[in-house]
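Two complexes follow with chain A in common, the first pairing it with chain B and the second with chain C.
Presenting the complex of A and B:
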């Protein structure tokens, strides 16, 4: 009974692994598709080989035992083997070795072609370049542009246009991280002091979750990123909005919120373009109000969650670099309104 | 024989407990801020002849390896090295020598960070939570070998520009005059 339950549970787990928003077997881009087909090819081949091998062993054991059970069992084999039998065995072993070699060559060839296909986007001249810097424990995204004033920085929520090649330049500010959006591409390590690159393309609009794939400290498991693939026009309007610096707040309460931000420890680590805040240690907050999630995509971007995060981030993500903050309730309220107004 | 092994066992557990304290990581602090920095004096001269309050002479972070390395990280994050370099000084005074202009006691170092000092040291009041200023103060004292060497940082994340804090010979602090 228990065994059956365990089996059902394991099968359910397996099935969950094949679908879902962060599953490598549910590809949403040509490259993840290549990786998935390679994976299935290897998986099914191994399943067949496994079944055949185990089957042969079972047959061998059963046949041997049946022969031993018979009353007039033949005498145990002599030291001199039967030549016909030896010949048969030699053919079987040779055939098995031959098949293994062929399978390995098939694997090698398909691995090679998959690798070529994955790398084929590398030369794309029209690629959009996004520089991703891994920090403990969040993602900095800098959208490069040939016009310097069109370059901007955001964090954790990365928008990309559908159907266009994206070149991700990967760097790390502290320890080794690994950039992984399973539905779009495989993993790529981010190494301190060394720039690596990965290219991908999303085939259809959607929200694709990713995760740091290299253990990087206390909050490694909560270092999530989200890629939002949008049609070209939507992406361009998002980009235009992101390039704009924060304007002068129109209301007194928002002005107060901005002053709270500038007078407290927020300003030491965060940037809000258009104000004097230019810290580079934490995420750029110029358009924090437009993001859907907070704290590296683990809590929703709602005023209550934001308040909890500002006052006691160590409760939500123990060990995170952001310290607790003690704020006057009215100041906090103004700060929340100001941050949420940064669309 | 039994007594000897019991003694060894007790010794081992005491060492174990002590080493736990060295490694203890406290992420949440209660309360996040405490005030009172305005009562710390940084001079030996007192009106009426006696000090109102003595500056804190101990800082529990000085015995904690995690807090000291956090202090070291903050030293770079808060751009202390912009003026004090890696302890050798530049625009600001050296921190790895034996001279202290505004006092060498943990409370006095803390007050210098929070209040700021003339000739360029900015005040970090409200910009740095108190516990982080204490971590920073602990690290600053480790630069001249004033904290226990078994807790002080042993290496840098970047190129090592000086002897590691845990192998720095303790300096004997002395009062220095502010730069003229």
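Presenting the complex of A and C:
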């Protein structure tokens, strides 16, 4: 019984790469799926090669090792080996090298084929274009549209329609970051001075986590990203809501919250469309109330967490660019209500 | 007779024991031994320590120093593993964690892996080719001192909370002046410059010794495989290290406020991919610079313990040379997720797969040697078996990530961390520890303990797999490398905890290994000149070897001279014993060519190393006004180094040299 439990526990541990919410081998899109099948082909071939090679070495050693009753002293060395045995060994070694070469060619061509398949989304004319800019340590997402008034900017939580090709244009505002959502596609670096692109498609609705993969300084660990894939209609209604600027607050308390925002340093870095706040250094907060997570997706978007974040972000993400803010409790409460109202 | 005459006689008798056909020493021979002893003796105490140019002193010094840095970097690794054992851990915090992992990587790559291999080569090569010292002994001594200064620079910086925190490959712009203000990166880049100057110095000494000072008869096709490995690695050092010293110097010039160049500033026309190309043009060959000497160890250990000549000498040599060349053509596989054109990526996938072939040839030849021989399972061979178990795994995951598509998922995750540790621990640590056990009798004269060696191997083997196998799964589970913490929701905790336990298992394994060597050096059984009955020339002299290595340097009649030489094999005689004279031989066939006097012990390499440190650490790291005074000391030091030695060797010690007609 215990052995069985241990076995189940071990298998559960080892399944981490294949089942997790952020696991590359748990694909939810065509691109990641293609990579996963190439992965398993190479992986199983390598397992076989490993077992055969190690087996040959172990047998070679065990086969003729000294018995316990033999003296522990070296035999005289063989300096003139038997030519017939040498010849046989030479043929076997040459054959093993030949098999290696064949396997490597198979790997090479299957990699090239996979590369072609992965690149095939690039020409899709109906693709939705989203420009992602990496910042220390958050993600800016701008949804491009041929109608200028329909473009909008949001941050960290990226919604996409299921089944449609998404073209991500990747840029960086400071250091190198890497855009990676393992269940949808492999990563692509965002290098200042180089504009890069990656294309992906989600096959089914879901929440797909990712995070920055290139070391980018203090809070590299907490630069997380969420892609929410939704059916077309849901996505469109989300998009329509995001395009709208923030309206005039209906209640006095919310008005007070807005004024707190506008009169404090918040306004230096953040934008709330529909108000005079137009800072570009931090995430766009026009619809911050609609997001599920805060601080680049590491804490839930609840008033308590938001208050902690506003008062002392350094405690949650040491080194983050946002300063501490000393606010009067009533101002803070009004500000929280205002921000949570920005759906 | 002086007081050490009994020792000399004993030494002569030991030589006599190796080859009983050698007649017992005559009074004439004892006198010349005495002379050799006097000429090669290093001054006592601190003076001797600071001025010695003997390859055994300097080689072992490289090895010991590298292991000190290895120990420190290992402690950092344990701290990293403790930090990652549980999610949301606040033990280290991002600032300390970033300094720790950067210093761990930098120290392991720059201060341990390459220098320890160079140290082994400096110690072993002259013994294996049958000569008395390396060529350019002062250059080699200089190489050690700058390496030491570089290493000290890095760890002093870390101790003062100035440790580098941008990762060991130091990508710009994060390492540039805008995103890494302060002096952290500068300490790192000056460390790199100094250490690589040291590596290049050692490589030049090694190459020259191998090409010019081999025992008569040791033609290119008889050079021991470890010496071939050291030769190819040294050539790779000469071509790879300049790339990284250029990197570190350009970066310091970008960062120095007095200079402020824009090599790595895209806003001013610089390029961040330039850094990556330059760095990896060094970085990937560096892996083979570390791995090739390890294959040399294996090619030395396997025939000795399989009790037969190596199978496939020629393919093994050609494989090493092939790795030396192809190793310079794979660097872009570190950059598969940057905007590199697809055709270029395909070419580097092909070359990364191609390099598997020579490595495969080596593994197959070693396997064949074991099959065809009669394995004697002593601890050095067991460590080599550990190498197979761990390294082949790392090699195969390397084949996996040679594929661009697979690499886009695995790149910069814990999968790659697992891969590189399997390759480096399997491909370098296991053979190195095996090699240390194998040559321990040579440098101490005592046998290493078998029981503790087996315990340490078992713990290291289990520990390595326990630490690094789970990281494959974590990487594919989406865990990027270099993160100081993770959220509990990710589910990465149990495997991380397992890895941390494994890291401590490894730590205990290393500790037992060191204790074993310490105990063995005190109470090990006496080894005698050739305890393993091996075939190469280092076993044809006393253990430990005298300062001059061989009373009469041997000649070579086959690939394993101790096994192959006829009983009446010639020895090299008539070298002057009143000066440090060696025989130079021709490069291809090792025919005797001329006699050459090596320079003696000297203070000047240390002075020049201090000047180099001033120029780079103070001048390039802080303010250029230090460069001029540094250059002044450098000029004085180099002048004295060359002038005095040239004067002594030409005018005083070569009375029989033909006169230069222009001077008459």
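Things to note:
Here is the rule we use: the second predicted complex is superposed on the first by the 313 of 343 C-alpha atoms of A that agree within 3 Å, B and C clash if a C-alpha of one lies under 4 Å from a C-alpha of the other, contacts with A are read in each partner's own complex, and residues count from 1 in each chain.
The working rule: a contact is a pair of C-beta atoms (placed from the backbone, for glycine too) under 8 Å apart; a residue touches a chain by one contact, two chains touch by 3 or more.
As the structure is a prediction and not an experimental result, all values here were calculated from the model.
Once the two complexes are overlaid on the shared chain, A:263 sits against chain B while remaining clear of chain C.
Contacts of A:241 after superposition: neither chain B nor chain C is touched. When both complexes are overlaid on chain A, the residue A:281 reaches chain B alone and has no touch with chain C. In the superposition on chain A, contact is made by A:315 with chain B only, not with chain C.
In the superposition on chain A, contact is made by A:326 with chain B only, not with chain C.
In the superposition on chain A, A:106 makes contact with neither chain B nor chain C.
Ranked by how many residues of chain A each touches, chain B and chain C are led by C.
With both structures placed on the common chain, the touch criterion links A:48 to neither chain B nor chain C.
Under the contact criterion defined above, the residues of chain A that touch both chain B in one complex and chain C in the other are 174, 318-319. Listed in rising order, the residues of chain C touching chain A in the complex are 93-95, 98, 166-167, 171, 173-174, 178-179, 266-267, 271-273, 303-305, 307-309, 311-312, 315, 337-339, 342, 345-346, 349-350, 353-354, 356-357, 360-361, 363-365, 367-368, 370-377, 385, 388-389, 392-393, 396-397, 399-400, 402-413, 470, 472-487, 489-492, 494-495, 498, 532-533, 535, 558, 560, 563-564. Contact residues on chain A toward chain C in their complex (touch as defined above): 13-14, 16-18, 20-25, 32, 34-35, 38-39, 42-43, 46, 49-50, 53-54, 56-57, 60-61, 63-66, 74-79, 81, 85-86, 89-90, 92-93, 96-97, 100-101, 104, 107-108, 110-112, 114-115, 118-119, 136, 174-176, 178, 180, 182, 185-189, 191-196, 209-222, 224, 298, 318-319. Residue ranges of chain B in contact with chain A, taken from their complex: 25, 27-29, 31-33, 77-78, 126-129, 131-132, 157. Interface of chain A with chain B (complex): residues 174, 263-265, 267-269, 281, 312, 314-315, 318-320, 323-326.
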